[in-house]
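Next up, some structures in structure tokens.
In the two complexes below, chain A is the common chain; its partner is chain B in one and chain C in the other.
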Partner chain A sequence: MALLITIGQMLSLSLWALVRMRLGGREMLRQVYETGNRSLLFVGITMAFIGMIGVYELASTMEAVLPEYSTLGAATLQGLTREMGPIMAGLLLATRVGTGMAAEIGSMQVSDQVDAMKLSSVDPVELLVLPRLFATSVASLGLAAVGTTIAFFSGMCVAWLGFSILPDTFMSLRFVVTADLVMGICKALVFGFTVPLVSCACGFLATGGSEGVGRATTRAVVLSSFIVIVEDALITYIGEVLS
Partner chain B sequence: MKPLLAGFGRELLDSLARVGSLNVMFYRTLRALFPPRYDREELFRQLHRIGVRSLPIVVLTALLVGVIMVLQSMTYVRKTGATGFVGAGAGLAVLSELGPSLIGLMFSGRVGANAAAELGNMVISEQVEALRALAIDPIRFLVAPRFIAIVTSLVLLTVVGDLCGLVGGAMACHWLLDIDWRTYLAGLMEVDLLDDFVVGLCKAAAFGGVISTVSSNYGLTVTGGAQGVGRAVNGCVVTTALGIFIADYVITWVWFQI
Partner chain C sequence: MTAAHPVARTVGLAKAFGAHQVLAGVTLELSEGRCTFVAGPSGTGKSVLVRHLVGLLKPDAGEVWYKDLRVDVLDEEALLGLRRRCVYVFQHPTLFDSMTVTENVALVVKYHKGVKAAAAEGLARAQLDRMGLSRLAESRPPELPAGEQKLVSLARALALEPETLILDEPTTGLDPYAAFEIDAHVRRLKELGVTLLVISHDLQSIRRLADEVVFLFDRKVRYEGGVDGFFHSADPVLDQFVHARVEGEI
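Our next item is the complex of A and B:
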């Protein structure tokens, strides 16, 4: 319950900041670097593996249902743009960035640094959370785009070497429509906004020493990954209804 | 140029050292499992805490994964007209791939991070040192029961999760897409599901090993107070996610060679 209240407070404050166009200036740019650049290697490597796994799985399904591979590349690209790219990037963001934020803010909270900020009449939410929120939204979009591209190319290598599908045949934009791209971008933006929101709230609610920080971090990763999955299902369904 | 290279080199050496210590941890855990002389009470307590308490989050995740996959395969069906793909595409993807890997990711957050934090706190408050002083091997006493509990519960939870994923897909067909769920079931029954189910369970067991090894290693190597615990949990979940997808790729590749 306390978590919902904290999230609500942060949400209203951040929307108000968005209306006033006060996004945090230099601190926000620094956070874009922190979250985006530092996660790039991790997201890149993991997405490369996801792309290869995805092509194997899709090929085995196609072999079982319609015994030919001609639509493999087009279906891979469509699935990655619309679904797998954003959700996997979102989950990786929750593990890499979400836990980092909860750990950082949690250890500030248990060492009374957050209270010290309040005493000096600095709003901790405005100082710590707002730059992170907007920075992660920007970084999430970039990471999802880069990750999806890497996954597609690694999948192409698997299709070429494992199933002898030439890159010319594999690289097909036949199935991708504008709606898929819009949906992918919406998902990445929404995940980038909610992951730090939930994780920072978990960090602020940390109580009691190093145990508290551990608990807060665990809670942050579980809640933010779960919320990513729930939002993904919701956005996919909304897209289904609209089309 | 020089600081860049130095930073790169330090990162590389750190990650190589981490890979090495993960392997040592895995080997020592396996050594501690034989002969089976671990605390039975601790094992049951861990099984309850790890397995039973994770059930709700696993069930919810699996249901949503089923829904997402049915909605996704539907876009493919509209483009090609292959109706059998609704059941087969979603079902195979859930059983062999997304079920185990997404349940594994959630489980790593719920259980792996928790184990790392718990062991880390024991290290910081010098409880692990106390165990050593009493000539009790911390690996045998703390890590081995967690290893067994994590692998067993992840495999069993994946069985439950697979079922929930298929049910979630049927629910999505019925309520969200207005397709008769019998079409979904017929598509599902057309393909051979047993192989994919088995490979999914192999993956789950491997992920359990990864989660347990990584979390024990990060937990037992914590240094420096509350911040250190936070950093260890962060490193633990990141390494676990990477390990899960690498293991996933290796198993998928081996499966295709057979």
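Our next item is the complex of A and C:
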């Protein structure tokens, strides 16, 4: 319950700060660099393997059932755009970035730095949460796009080398429609908003020294990953109903 | 004790954390322009008491007043005004690690005084200069020893030109020289007429600086009065504390 209240407060304070255009431009750019650029290698390598594994499994199934590969590339790209790109970006951000946020804010909370901000008229949500919210949303979108591209090309390599599917055949956009793109973008933005919101709330609720910070970090990664998956199911369902 | 011009007062203040009762019916008044030390064994609620004065904690029962303001019923927005006048310096320096010393001081000035970043930085540098800390301006807090971190923390508070300053164990954990340096700054503030409330069990600091002493023990005020009375009290608890005896109630 305390977590829900904290998330609600953070959300309303963030929106209020947004209305007043108090975005903290320099800090936001720093956070975009921290969450986006610094996650590129991690997301890139992970998505390369996801692409290779996904295409290998899909091609093996097609080989047994059809056997015909002309739709492999198009199906892969559609799945990556709608599903795997955004959700993997969300989950990887929860692991790499969310934990860092929970640990940093948790440490500040248990060492009275957050109270010191309040005493200094500095709104901790405006200074700590808002830049992270928007930076992570931007980063999530970018990472989903880059991750999808890398996974698609790594999958193409597996298709070519393992199943002799020519890149020209694999590289097909015919299944991907505007609705897939919109769904992918929506998911990336929502996950990019959820991860810092939940992680920062866990940090603010940390109590009891370094042990409390450890608990907050674990809670942040578990909860934000879980919520990302639930949101993914909801957005997919809503998308299907609307289309 | 009734202060002639009370700047802050608590009436029947009670606070518990879960089943642990920390304060039970604490009533005291702080005199304007005086240096009051709050002493007592560790865990007797000294920090809890003073955190009520700046609205960081809400009491379970009782009232907290700062001049004509009822602090315990103020919302966060209203508390900001109070916190510009009555500044609390934490026991730990609470400096922001990702910022330089100047940025740490400037951040508070910028938000509290509502000035532009460049002007706030200028005021921050001037404050550091006044306290002889210019050499630390571009350092980051983790690079500094504890004594210098506490001095920067004090500089950050003084940049707001408070009328009341609350210092939570300012000399705890410092070497004698660093403690003396902090005390020297406190003495200067006292001479300037700033109302000071210092939480400390540093008996040397109490001797050097205190006008009045409040001693907390067993959730209540055990002693409230002058420095001589504190050091020469017949109360066995005070006697044990002042002379650091092992045997006794503490």
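Criterion: the second predicted complex is superposed on the first by the 238 of 243 C-alpha atoms of A that agree within 3 Å, B and C clash if a C-alpha of one lies under 4 Å from a C-alpha of the other, contacts with A are read in each partner's own complex, and residues count from 1 in each chain.
Here is the rule we use: a residue touches a chain if its C-beta (ideal position, glycine included) is under 8 Å from a C-beta of that chain, and two chains touch if they have at least 3 such contacts.
Just so we're clear, the structure is a prediction, and the values are computed from it rather than from any experiment.
In the superposed model, A:229 lies in contact with chain B only, and not with chain C. Using the contact criterion defined above for the overlaid structures, shared-chain residue A:102 touches chain B, although it does not reach chain C. Once the two complexes are overlaid on the shared chain, A:118 sits against chain C while remaining clear of chain B. In the superposition on the C-alpha atoms of chain A, the part of chain A touched by chain B in one complex and by chain C in the other spans residues 111. Those residues of chain C that touch chain A in the shared complex are 54, 56, 76, 80, 83-84, 87-88, 90-92, 94-96, 107-108, 111-112, 156. Residue ranges of chain A in contact with chain C, taken from their complex: 111-113, 115-116, 118-122. Of all residues in chain B, only 57, 60-61, 64-65, 67-68, 71-72, 74-76, 79-80, 82, 84-85, 88-89, 92-93, 96-97, 102, 105-106, 109-110, 113-114, 116-118, 120-121, 124, 176-177, 187, 190-192, 225-231, 233-234, 237-238, 240-242, 245-246, 248-249, 252-253, 256 touch chain A in the complex they form. Every residue of chain A that touches chain B in the complex is listed here, in rising order: 42, 45-46, 49-50, 52-54, 56-57, 60-61, 64-66, 71, 75, 78-79, 82-83, 87, 91-92, 94-96, 99-100, 102-104, 106-107, 110-111, 162, 175, 180, 209-215, 217-218, 221-222, 225-226, 229-230, 232-233, 236-237, 240.
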